[in-house]
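Structure below; questions to follow.
Chains here go by letter, A, B, C and D, matching the order in which they are written, and residues are numbered from 1 within each.
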Amino acid sequence: MGSFKGHALPGSFFLVAGIWWTGKHSLWHATRRNKNIGSTRLASRASQRRLEIIESSVVLFFSFVGMLAEQFAAGGPRLQLYDFAEKHWEYLMNWQHATMYLFFGLAATVNLIVHTTEVAPLALDRLMLAIAFFNEGFLFFYHLHGRSMLDVHVHQLLLFAIFGEAVVAFLEVFHRGNIILELLRCTLTVLQGSWFWQIGYVLYPPHGPEWDLNDHNNMMFITMCYSWHLAFAMLIVSALYCTVSCVVRSRLRRTPPMEMGLLKPRDPESEDEIL
Amino acid sequence: MGSFKGHALPGSFFLVAGIWWTGKHSLWHATRRNKNIGSTRLASRASQRRLEIIESSVVLFFSFVGMLAEQFAAGGPRLQLYDFAEKHWEYLMNWQHATMYLFFGLAATVNLIVHTTEVAPLALDRLMLAIAFFNEGFLFFYHLHGRSMLDVHVHQLLLFAIFGEAVVAFLEVFHRGNIILELLRCTLTVLQGSWFWQIGYVLYPPHGPEWDLNDHNNMMFITMCYSWHLAFAMLIVSALYCTVSCVVRSRLRRTPPMEMGLLKPRDPESEDEIL
Amino acid sequence: MGSFKGHALPGSFFLVAGIWWTGKHSLWHATRRNKNIGSTRLASRASQRRLEIIESSVVLFFSFVGMLAEQFAAGGPRLQLYDFAEKHWEYLMNWQHATMYLFFGLAATVNLIVHTTEVAPLALDRLMLAIAFFNEGFLFFYHLHGRSMLDVHVHQLLLFAIFGEAVVAFLEVFHRGNIILELLRCTLTVLQGSWFWQIGYVLYPPHGPEWDLNDHNNMMFITMCYSWHLAFAMLIVSALYCTVSCVVRSRLRRTPPMEMGLLKPRDPESEDEIL
Amino acid sequence: MGSFKGHALPGSFFLVAGIWWTGKHSLWHATRRNKNIGSTRLASRASQRRLEIIESSVVLFFSFVGMLAEQFAAGGPRLQLYDFAEKHWEYLMNWQHATMYLFFGLAATVNLIVHTTEVAPLALDRLMLAIAFFNEGFLFFYHLHGRSMLDVHVHQLLLFAIFGEAVVAFLEVFHRGNIILELLRCTLTVLQGSWFWQIGYVLYPPHGPEWDLNDHNNMMFITMCYSWHLAFAMLIVSALYCTVSCVVRSRLRRTPPMEMGLLKPRDPESEDEIL
């Protein structure tokens, strides 16, 4: 029903996504703040768009691969949903995971459309992200029936991060470009990633003894451990943010903006804040 | 206590309402965005108002018919609420359904008043819609006592869509004309409609075998199935939105706005965004 | 532990408060909308302030009387909280009701201070109202332990109105003068008032037979009945709003603003919307 | 597992913090409102920044001391987390308390960085405060397993104040400088402080008889008592706010702003409201 690798893999993805987003949003925020000293050299509107398209394509690719792997890897349902002979559902876990990937794939698709064409409103990408996270949390929420106490508990803690991200992404529909919300979303993504690893270590310890899944002291430790993961995620995100800010500033100071006179008075950078 | 038709009928209404709303809001959004190339020919303020009046009248008519049908159709209470002889309430289900229709009828009435007279503030239509959906969810919520597990579960899932719509409509009181919220409301309406059909198929399968209402695997499948309905609803709404956007744009491009000189400088279109 | 009169009395107060607020806010909204045709004759800034002071004084007076009545009426605790001889708390119900009155008294006091002096920020009156309603709901929430099913249910339904009012009043801190929120608050106040009467009739029927407090059909009827009370409250509030709007407009049309030339260009009316 | 002093100590800290914040925000609000009569003499932008830095340093110092005390005071874990010999977690309570202090320390660190450098966005201090309070409530929430009824209840009541503060601090990210939210946060901090003292008196009465922790009447009294603490906190905060307002105004009136001509037309005070 699960394995260490089955938790480490999504954990790694979310860790990478969180760190990537932190870098991206930090760079853009630094660009916006230092516009007057020519920061648009570092991240012009066109390069931002290109970055978004690459990111969406990568997410789309991996969610597609994920869906295929859940279906056709060893022990997968191979698109068969119901066993009519024995009258029971087949491989519901795999189907649920594939459904989660599907929603992240949809979010990536919408992101692609939003940033390549003009047809869709810009804020739609955040709404789709909110729906994808909500869907992930929704499926996890009804996933936990009849498991042991600690197993339920570690997954419930995960829901704080997931639903938190859904709420923050939804708020971003109305407050687009708010760096506070963006960094909070990055932090929760890193938290989710590192917590997936923690779940793997608790439920399927790769070496060392098994955890007693019904010990109340273990539950209390795990709760505290979640706080530590949150502190760790905040540390990572803020370190990265500071690094990017300082690098951008020092690079801008070293090379004065020569081409200043060539800048058009009304640059399209400001579109970024428009809904 | 229920039947396949009793779920398919409201399901069809919500499906039609969701698709209608998607078309309406997509058209108006396209009109607002392309105002500079003469899009007001396609949907002027007067025609928008006429559309709203027609929509409200139709909703009012159907909710009135629905109330009459619940009361006077075969096996209805015929306005009798309490059986004093045998001391019990009569046909509470029919009365509850009639109450739901009553609130949608009230919302339609207020919509009519708002769009024909000047007396009521514009945002009142969204508030009444939010209250109508909240009331529907509220009655469903206390509707579920003592049913079998799967029956309760499929109705609980319905509550996500209903309360979601209530919240989105309430947010629209403050963010009127936000296309993101409008499309989200349309999506949830389509979801609610298609899920009513699904409930009908699960609880009263018209052909084929009965579902085991206490099997945990069925519950897990149904949860995932809800996600699929959501994905399907998003697909429908976005396909419709794209079609309307493209058609509006291509029609505007084909026929250049000849009557441009006749346009008054301060057109009343902008009233639309005012609260 | 309770009586018919003990529910009818607060019910009447809330009904009167709801109707009074509806009239007040409708009048002011009509005044604001018709300012250009001289509506400030009907409700000038000074008269608004006078009205607020009178309202606050009345509320303060009644909450003071209420506290005294709970303490010193027949069967009250007379300020004695703990019976040291028999080691138990005295008359906790009376003390709880007095606490509820205390918070409404505090809200009225703050309202007085806000509208007579300049020292406090204007939005504080809505915050105190939100806290007073929250406190009422909070005490009711922990009030229900160990009662019969229907008794708990009718009080839980009351909480929807109470916490709803708390939330709406808190939103008004940020959206002061939004007529939609004001009318919603009025509606919920009327609902609360009429529901107190309903609770009195259900739990302590003054004539006629007792209700079976553990019958599930009664519970389902009561839930639906709550929706009807809500519809009734919306009807009352909207009828009153329309009447006031029409009266204001017709009076303004009959008597053209003669004194127009005497109006100062920058009238202090607009302060009303400032936070 | 707990003691009177263990609740009185954090209680005193929160009381002091609440009163300090009330004074600070009242002073700044009075400064902003009376800017035209030269109030910037009393609290210039530079002195505000100095105050913030001192405050953060003090909080940082005490949370560091708190962490050390939890680890190395008599009966502390001395940084040992797991007893491998007897296979159980060591001193989980101390570790949990240290974790709470850690988050307040992190919030203070970020506050320091925000107010000494330009690298971080201003609103980050409120977000970190919200996260610190959320983390405190989160750990308390999972802290209560298997205790007696009244013990659980008094800690649950505490959660209202803690999560309330988290929400208010999060709202301040978007509505910075809103005096209503600031005073509400101060009130909840004072409430939290005085309630810690109350918990100490209830669970570990320093003199007098023990409380019966399973008596329902005690629970009802305690709930009402919480309302009284809230009223008391509101009284303290509003008295302090009025005092500061009056003192500022009277001092400004006594000494007319001589140096008015020296003021630059565009003073940097207004930066305060910028996100």
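The rule we apply is simple: a residue touches a chain if its C-beta (ideal position, glycine included) is under 8 Å from a C-beta of that chain, and two chains touch if they have at least 3 such contacts.
Model, not experiment: these values are computed from the prediction.
S.K.: Common contacts of chain B and chain D?
M.R.: Correct list: A, C.
S.K.: Compare the two sides of the chain B and chain C interface and say whether they are made mostly of the same residue numbers, over half shared, or of different ones.
M.R.: different
S.K.: How far, in degrees, do you have to turn chain A to put its CA atoms on top of chain D, rounded to the nearest 5?
M.R.: 90
S.K.: Would you kindly tell me how far, in whole Å, the mean C-alpha position of chain D lies from that of chain C?
M.R.: Roughly 32 Å separates the two chain centres.
S.K.: At which residue positions does chain B touch at least two other chains?
M.R.: If we look for residues of chain B contacting two or more partner chains, we find none.
S.K.: Write out the stretch or stretches of chain B touching chain A in their complex.
M.R.: That would be residues 29, 160, 175, 178-180, 183-184, 216-221, 223-224, 226-228, 230-231, 234, 238, 241-242, 245-246 of chain B.
S.K.: So in the complex, the part of chain A that touches chain B is made up of which residues?
M.R.: 88-89, 92, 95-96, 99, 102-103, 106, 110, 119-121, 123-124, 127, 131, 135, 138-139, 142-143, 145-146, 173-174, 275
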